[in-house]
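Please go over the structures that come below.
Note that chain A is present in both complexes that follow, paired respectively with chain B and with chain C.
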Partner chain A sequence: MATATYVPISSTSIGSAAASITLSSIPSTYTDLVLISNVGLSINNNSLYLQFNGDTSSLYSITSFEAYNSSYDSYRLSTQTKMAVGGVNIGFSTGANQFGMTTSNIFDYANTSVFKTVIGRWNSLNDAGSKETGALTGIWRSTAAITSISLFSQSGNLSANSDIALYGIKAE
Partner chain B sequence: MSIRRAQDERIEGTPDGLNAITEISDVPDAPSVSAVNAPSGRAYNNGSATVTVTAAATGGTPTSYAVTSSPGSYTATSSSPVTVTGLQSQTAYTFTAQGINTTGTGSASSASGSITASTIPQAPTIGTPTVTNTTTVSVPFTAGATGGSAITSYTTTSSPSIALTTTGTSTPLTVTGTFASDTSYTFTITATNANGTSSASSASSSVNPNPFTSDYESIATVTLATSSSTVTFSSIPSTYKYLQVRWIARGTFGEASVGQKANFNSDASSIYTTKLIRGDGSTFYVDEASAGTAMANIGRASASTATSGMFAGFIMDISDYANTTKYKVARCYGGSDRNGSGEIRINSSMWMSTAAISSITFAPTDGGSYEQYTRFALYGMKG
Partner chain C sequence: MTKIGSSVLVGSGGAATVSFTSIPNTYTDLLVKFSLRCGATGTRWNNSVVTFNGSPATVSNWVIGYNNGISASNYASGQLVFINHGDVDANTFGNGEMYISKYAGSNYKCTSSMLTAEANSADGAIGMVSGFISSTSVLTSITFTAQSNVYTENSTATLYGILKA
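This part shows the complex of A and B:
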């Protein structure tokens, strides 16, 4: 019997600029997580990052491709202390009404037998002259179940009204 | 201590054989039970009676009284009044009392008047609750004994706890509240009479009054406990508008990654067309293939030489899969991280068939098998 899923777990919107947003106490009852952000960064030419369970060890890697203005390329960042999920070489803008969007699919996040794989997409358009979209695959080389996710900027703050929403998908 | 002439007879062993007057102790004569009442608010089957005892005018002076019930022979000893506990609810009792002093226990009084122990009710026995709607649950129960006073109301408590309104004094109770989304609740019931509230029933089985609803549904999942050369979803219902497959995969192959393909309805005829873009961390690629025998190049899974625990992740979307007037279009997106390299890919494919998709088979393309923990999950989205 088919079972309804894609369940909202939590969402957060910040009323004023903040260094990070953290979703904690993530239940282990789903199979995959989908993290959707609509985020502005206070400093241009930055990227949006996440960390799982507050882990700052060098266990994160990503491979991406992206189209940036009139160019395109592929990047790789290995053994990082955080995972870039919103652009690798360009971030979101500073305009008060300008926000970028990321979607991160986090597979088997509670399975303690596998490393945690992420596939994501992002787009960022602003009036500072940058237009970017791309996709990435990432890995957190840990078998720990993910219980918290923090999103933050490479430097500076997340802008006021930045918003993230977390969904859970069960596989039954 | 009382003094009385004990006996007007010769006391053995007295030197002169004269009669003697001796001070001796005496037990109390039978007292009277002057009043009995039964306090309320006692636990079920632990009623009590307060027995007021008056000493007899004759006999030894009692220092305490032993009171015994009938039936049940519940006893208590103290100075008057004496409280006897443990009485069975809704049962009539009389009591007798005996005076006690240092000499002994006197004879019993005549029985008191009758009282009936009145307590809080017996706990109800809860049945299996059923959901009426997202705010209402019907909770059947079997009433326990009243405890000697009519039951005036029932109260329902949930776990997790929320504010509930309980309506009714006979089975089933109607329980209303704002139940949280997609949360299971159990219930207990208490009964109340003039004496107080019973202990709670045992917890009911759980119900989910406000289940999560979504147009996105899990249809089937395959998780490999051992390796397998293919993973197939068959008998896919045609009741959705779109399908989505989400999976993590790792294959056996002598490199860090292994290609994958998909076939619809086991069709291996040359009617698959693919266009893809991908990046390997240094180069951006554009590829295509026509007249393929499968939806090929959908992404490379992690494989044998990649560190254990590494799995690739993918999502495939298939639009209008049951529409028999259209060729079928699918998009696959995902990739893997390997030892020192990685790949992200978006694949767009067409299966040039108007047949409704009723099965999908995934397989590594370079031989070998999917490894343990590879997991494919099929979802349907309503239109």
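This part shows the complex of A and C:
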């Protein structure tokens, strides 16, 4: 039997600038999740973050590497209160119609015996400013099943028409 | 995720391009999976240039790990570039995927790609490329063009559509 992949679970878009976007009531019936976001940020030199289940405790960490124009680096952040999923300047620009993009693969999200791992990458190019691409692995050190995901900016708002979509992947 | 049309399979004699045309606008995002090898002589590596709707009006930023080194760069006014094999190593192909978000919207489009090129005898590379397409038009075609020579037999590419809830 073919494996069900990228099965649409839910999506949402904001019609006006907002502090965050949340997808809730995520069913536990899949094996993994894929979260796709297209977002703009209202303030430069910013990053995009997520939290699971509204958890603001220091259970998040990431390791990331990225290219920023012709430079590259890697870094690690541990015991964070949120997980960065998009790099500096994602979706920020002076032009219209320009958004950054992130893809986040969330593994074994409903398994209450394991911490939750994320592998993702992001695109924060625009036609006016810096050009950056990056990848990350993150962990949420909680065994709770993920039932909601919130995306928000380090500071400022998400721009109007930012949206996120969630897909399920089910092992047969 | 739904396969769109037929996979492209390059036959004997090769092909200068690998293309998807008449892409329907009924999905949210697109995903291209590819396995490409070019016939450039005397080289292990080669690049592909990707154009959308026949236009190279894109910029890209990439980072590539090559053996024990790493490098990064922009293409400020040009194309998205991918790595694939030349003729040095038999039976090796450059593999990867390119995710294209909101390809049918009135926004500018983003792409995100992961690439590999592992040689049979020596050398390996892994790359990540972000692309920005400064067009508000619906993307109806995607074309991969070998930077030199042609794609060789058994090169393949498949296009998928992803529809959000």
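Please note the rule applied: the second predicted complex is superposed on the first by the 158 of 172 C-alpha atoms of A that agree within 3 Å, B and C clash if a C-alpha of one lies under 4 Å from a C-alpha of the other, contacts with A are read in each partner's own complex, and residues count from 1 in each chain.
Note that in this section contacts are C-beta pairs under 8 Å (C-beta built on N, C-alpha and C of every residue); 3 or more make two chains touch, one makes a residue touch a chain.
Just so it is clear, the model here is predicted, and its values are computed rather than measured.
Participant: Check chain A with both chain B and chain C modelled on it and let me know: fit or clash.
Facilitator: Superposition result for chain B and chain C: clash.
Participant: Output check: A:124 vs chain B and chain C. Expected answer is one of first, second, both, neither. What do you get?
Facilitator: Once the two structures are laid over each other on A, A:124 reaches chain C alone.
Participant: Quick check on the superposed pair: does A:5 touch chain B, chain C, both, or neither? Answer first, second, both or neither.
Facilitator: Both partners.
Participant: Between chain B and chain C, whom does A:103 touch in the aligned arrangement: first, second, both, or neither?
Facilitator: After superposition on chain A, A:103 lies in contact with chain C alone.
Participant: Output check: A:44 vs chain B and chain C. Expected answer is one of first, second, both, neither. What do you get?
Facilitator: Touch status of A:44: no partner.
Participant: Thinking of the overlay built on chain A, is A:68 touched by chain B (first), by chain C (second), by both, or by neither?
Facilitator: So A:68 only meets chain C here.
Participant: Let me test your reading of the model: by the given contact rule, A:135 touches which partner, first (chain B), second (chain C), both or neither?
Facilitator: Touch partners of A:135: chain B and chain C.
Participant: So which bits of chain A does chain B touch that chain C touches too?
Facilitator: Chain A residues touching both partners: 5-6, 65-66, 72, 121, 135.
Participant: In their complex, what parts of chain A are in touch with chain C?
Facilitator: Chain A residues touching chain C: 5-6, 8-11, 36, 38, 65-72, 95, 97-101, 103, 121-127, 131-135, 161, 165-167.
Participant: Show which residues of chain C lie in contact with chain A when the two form their complex.
Facilitator: Checking each residue of chain C against chain A gives 1, 28-29, 59-63, 70-74, 76, 99, 101-102, 106-108, 110-112, 114, 128-132, 134, 136, 162-165.
Participant: Can you list the residues on chain A that touch chain B in the complex?
Facilitator: Counting only chain A, the residues touching chain B are 2-7, 31-32, 61-66, 72-76, 78, 105, 107-108, 111, 113-115, 117-119, 121, 135-139, 141, 143, 169-172.
Participant: Which chain B residues qualify as touching chain A in the complex?
Facilitator: Touching chain A: residues 182, 211-219, 221, 223, 237, 246, 248, 277-284, 307, 309-315, 333-337, 340-344, 346, 373, 375, 377, 379-380 of chain B.
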